[in-house]
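Two complexes follow with chain A in common, the first pairing it with chain B and the second with chain C.
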Partner chain A sequence: MRNILTLGRRELGAYFNSPIAYIVIPAYLLITGYLFFSQVFLVGDASLRDFFGTAPLLFIFFLPAITMRLLAEEKRTKTIELLITMPVTDWQVVLGKFLGALGVLLAALALTLVYAFTLSSMGTLDWGIVSAGYVGLVLLGGTYIAIGLMASSWTRHQVAASLITWAITFTLYLGGKLVPMMPRALAPAVEYLSLDSHFVNISRGVLDTRDVIYYLSLIGVCLFLAVQSLDSRRWR
Partner chain B sequence: MSTIESSTPNQTQSSDDAMIRVNELGKRYGKFKALQGITFEVPRGQVLGFLGPNGAGKTTTMKILTCFLAPSAGSAFVGGYSIAEQSLQVRRLLGYLPEDTPIYPDMTVLEYLEYVGDIRGVESGLRRRRIGDLAEICGLMKVLSRPVGHLSKGLRQRAGLAQALLHDPPILVLDEPTSGLDPNQIVEIRQLIRHIGEEKTVILSTHILPEVQATCGRVIIINEGRLVADGTPDELASQQHDNSYHVVFDASGFTASGQSDEAIQEQLERVPGVQSVASTSPNEGEFSFTIKGESTLDLRKEIFCCARDNEWILLELQRRQLSLEDVFRRLTR
Partner chain C sequence: MSKLSKSTNAILYASLVIGSVILFNMIVAKKFMRLDLTADGVYTISAASKKLVRGLPDRLTIKAFITPDLPPRVKNLARYMADMVLDYAAHSQGRIDAEVIHVATDDQAAKDEATRFKIKPIKIGQYGTSKTSVQLAYLGLAFQYGGKIEVLPPTVSVNDLEYQISSTIRRMVREKKLKVGVTSGHGEPTPQRGLANAKRYLKDYEVVNVDLTEGKKPIPDDIAVLLVVGPKKRFAERALYEMDKFLMSGRGIAFFLDGMILETPRGNFKGQQPPKIARTNVTGLEPMLAHYGVKLTADIVMDRQNRPLPLVAANGRAVLVNHPAFPVVTDLSKEVPITKFLKRLLMVFPSSLELVGDGKDSKSGVQATVLARSTAASWSHTGFFLFNPMHRPKETKTVGPFELGYLLKGTFASFYSGRATPEAGAPQPPQAKAPQPTRTKRAPTSARIVVVSDADFVQDAYLRLNPDNLLMLLNSVDFLAQDESLIAIRSKKQTRRPLEHKEDADITFAKWANILGVPLLFLALGFVRWRMRASARLRSAEDLIAQHMLSRPAPVPKKARSEKTKAPPKDDDRAKDGEERQS
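Here is the complex of A and B:
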């Protein structure tokens, strides 16, 4: 556990030592800020519904920028040699990297709490719904990060890693949107796999165990595949 | 991970004093055979030089020993632990400096050493002391707070060395530790490695031959994935002895008596054990020859006697030693 935290801290540090964090976080805040304030002041709807509702789509664009470097960069610059030859297991490496990237997401999400506080200063805000929404955002974002980390473990090219991540997350996202047009036999399966449909309940403030299990198991599968890919380098 | 990590050395395979034991190691990359059955042992307190042309398999062997790659055939034990089944224990015993010193460029030297110490489980008080000592030894004092990416190759190399030594490992694996250093730094690093090698086991790879003679107690030469020589630098040089001699005579006496160098050559060829004699371009007033002996027998006595009997004035007589360069070139051509 101590190793995982050390690796995670190093990973988080790397984001803040480089421009990545200073580009991705403000860009995310800019867009969510625009969506939030336009909803409040132009539409006159004082809620976080759009902020939560757009997250599954926004994350598709922002999170690969964070995750693409995780393992691809280590492989390209060969720093992975020093990392892997230290007494750490592949699982510790993957979990450390996952936590590091999750840290950037948490930093960005923490800053968006400003929107919630703005609303609560203007009137009453149901903090229950907001907390459920944030838990959902972390689960959703964690899933994207796990997918991105898995893609990053497959290649030494960051751009390739981000394209693979886009392809997977887009498919999982659009799958949910296409459910109404699907043959009846397929629809439930596609809907279950869709990243988006599980988030709808959560963003309404309903934390269903089935949704939580969905995200957690997807994270688990992706991290497992990343570990397998990391281990496979030894046999090539 | 499906491997079982047990905490005791694999007793059936571990040997008395060999810190590193490599047995019939093979590695394929696709169809390319990078290593083909390499076997050697390294006892405690030895600096082993790993020599070979580029692409011979030096780095591959090191990557296998440090558990970065798995071998396709054979086995290896480090400190009695199997690299295949007890990789965590093996990695705890090792300090590793990979080729080209890949260190995170965004971290400062101090941050990086702290990070390595943390993962290596060096307790924080000791860690601070070790970092201080190593910064001193490796000449990193002035650059501790600079990002690794801003350092010159030589400084980065020294940071890499400090990183490998941080947890005071009993075994060091150094892949071309002096590449990119200036001559003064090379001397310093060699001294450091020799000093470390008094108590610890060191494997270093290089294709710089004087480096081996300067630092290593033992040399292994590999070529195209096979082990072609194993011994001390001197042993290797003498094993590959070609038994030839260089002699120079004072010419003034001969010209006075009307003798030519051909006559001398003839006389020399008659010395028992001599295979061939060749006249080499002499300096003014000198005759010089290269004599090749038949067997490995030392002919210096016979050559001297021949000169004395003929009353030639002998200026030089030298049995030619093959340098490690010659041995290396011979074995890896």
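Here is the complex of A and C:
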């Protein structure tokens, strides 16, 4: 566990010591803030519903920028070989990198709490729904990061990793929207895999084990595949 | 082991893990738990519903008929429907048999059972790749109690599912519907016109007309609650007597009254929108209400906290008009069930109310509670008033907050105690001096009166513009009928939580402070961090040089030292990063 936390801390530090965090986070905040605050005062409700509503789509564009370098950069600069020769397992490397990227997401989300406090000062906010929404955002964002990490383990090119992540997350996001057009036999599976529909349930204010376990399962599978991808160097 | 067998092993291993995860998710889908974090517990069965189902005198069956492959937009409703039905059964201590029946397209037996329980398939539009098709789907709840079967239509929403289920159960268990009477004969809206929406939503009650013209007929004994909504003519003395008698019998009355009403003057306005002139609305109820404890003022309350409302323009089209005469009332009592769970009311030309006495008359045993109050940014307008929706009226010096609703509860003294019983007949102008009662006759049991100084907001034109307006009416009727069990459930749905009124400048500041301020704050923190790291690097570089100089007695040329010290931090950073990585 200590190794994982050390790797995670180092990864998080690397984000904040480079321009990545200072480009991605402000850009995300600028766009999400504009989309939310251009509507909220017109609607006149003390609710973060619109903010939660745009998050699944915005994450698709912003989180690949954070995850693309995780393993692809290590592979390109060959530092992955160095990292693997150290007394850490593949799982520890992957989990450490996952936690580092998750830290960036948490920092971005923590800054959006200002929106909640602003609305709370102007009306009665349902903090239960807000808390559930943020738990949902962490689970959703964690899933995007795990997918990004998996894609990053497949290639040494950051742009390729980013495009693969974008393609997978966009497909999973869009899948739920396209269910009516799917063949009947395929529809339930596609709908269950849809990232958005589970998040909609959570952002209503209800934490359901079915939704939470769905996200945790997807994160687990993606991290497992990333570990398998790292492990493949032994038999390739 | 060969490369091929290693790769095959890895693929098999991965498939096994993914398969196990899928299997685990399928098991979890059957056995699940929910944590409802909403403030009002919207998605959790309330104590009132649990009490209702535990007290069922006989066994009740609920069957949920659901088509498995529904489109996503109704899938959530289906899921909550199935979950909630099972929750009801779990809390009923064996009094409810619940079953979720999945009606697949080719499952004729399930379809036959749905037909037996009066559940019909509904048409749901499907957008295909090349054409739009219509799917026949089952999404309904059937209740069977005794010999009766009731069906919950699929038009319910996730929000009010619990209320719909509980009210259906209560309706089926009740032997007879209570009656709600609506007074008529004084220009009031009727359950057929003007209060048709209210009647539709008061489906747990039988809503009937009570004609009080000239007070010729008494109020029937089987009326549980009396509604007096928007009278525009004077009540006959005998009609007031009937109402007083009704109240003395311990039953409840809700008054929705206008202190001033707006009328369109006759005349030719040559295509222009005719103005509306406000006049004092005298109904004859005023002295009786003042006797009970509340005085209705002949004024119009305006508030800077308002919302646009549709008004019919001269060309017959509805236009949205933002006017202070349509106040949004957010100061609602949290002590009384009627308003406890409401967030805001949207009123239309309300008047103000005043309390007569201190509202805590221990002698009379009547207690007054303010239900609704305007904001401090409100003012009242009395006397002549010409309403033009396009012009904002000037604020007067009579400023708020004003009381807009009262609940009076207790053993009221009769308005006619010690006075002769009036005869039925046309209303007479008020006497110069009302005769004083010689003895006080009190109601034998506690009665309830709700007085709201606006009659428009519960009428068809405005009732559905704001969900809480409807809830205010339904809660008032339930409270007056002394049946408060469903008030908490009805109001539990997620209603809007309005933002308080703020000046435009405050809103603009809040908007841009969030849009630009938050990212700039983050960048500022980043800049501070970068500066701190740069100075730390500089310090460590200086320390290194100092150490180097101590270990090497030979002097270092000044130029070289300054170049080393001024080395660009970027390179240092890279070097350090490289070191960190290697370490």
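Going forward, the second predicted complex is superposed on the first by the 231 of 236 C-alpha atoms of A that agree within 3 Å, B and C clash if a C-alpha of one lies under 4 Å from a C-alpha of the other, contacts with A are read in each partner's own complex, and residues count from 1 in each chain.
Heads up, the rule we're going with is that contacts are C-beta pairs under 8 Å (C-beta built on N, C-alpha and C of every residue); 3 or more make two chains touch, one makes a residue touch a chain.
Everything numeric here is computed off the predicted structure, so don't read it as measured data.
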Which superposed partner A:Asp231 touches (first chain B, second chain C, both, neither): both
Which superposed partner A:Leu207 touches (first chain B, second chain C, both, neither): second
Touched partner set for A:Phe170, first chain B, second chain C, both or neither: neither
Touched partner set for A:Thr118, first chain B, second chain C, both or neither: second
Per-residue touch tally on chain A - higher for chain B or for chain C: C
Touched partner set for A:Thr85, first chain B, second chain C, both or neither: first
First (chain B), second (chain C), both or neither touched by A:Asn17: both
Touching partner for A:Asp126 - first (chain B), second (chain C), both, neither: second
First, second, both or neither for A:Leu7, with chain B first and chain C second: first
Chain C-contacting residues of chain A that also contact chain B: 10, 14, 17, 79, 82, 231, 234-236
Chain C to chain A touching residues, read off their complex: 3, 6-7, 10, 13-14, 17-18, 21, 24-25, 28-29, 32-39, 42-43, 68-69, 71-72, 75-76, 126-129, 158, 307, 343, 494, 496-500, 502, 507, 510-511, 513-523, 526, 529, 533, 573, 577, 580-582
Chain A - residues contacting chain B, complex: 3, 6-7, 10, 13-14, 17-18, 77-82, 84-91, 227, 231, 233-236
In the complex, chain A residues that touch chain C: 10, 14, 16-17, 21-22, 25-27, 29-30, 33-34, 36-38, 40-41, 44-47, 79, 82, 111-112, 114-115, 118-119, 122-129, 131-132, 176-177, 179-181, 184, 187-188, 191-192, 194, 197, 200-201, 204-210, 213-214, 217, 220-221, 224-225, 228, 231-232, 234-236
Residues of chain B defined as touching chain A within the complex: 1, 29, 63, 66-70, 88-89, 91-92, 94, 96, 98, 100, 102-107, 111, 115-116, 118-121, 147, 163
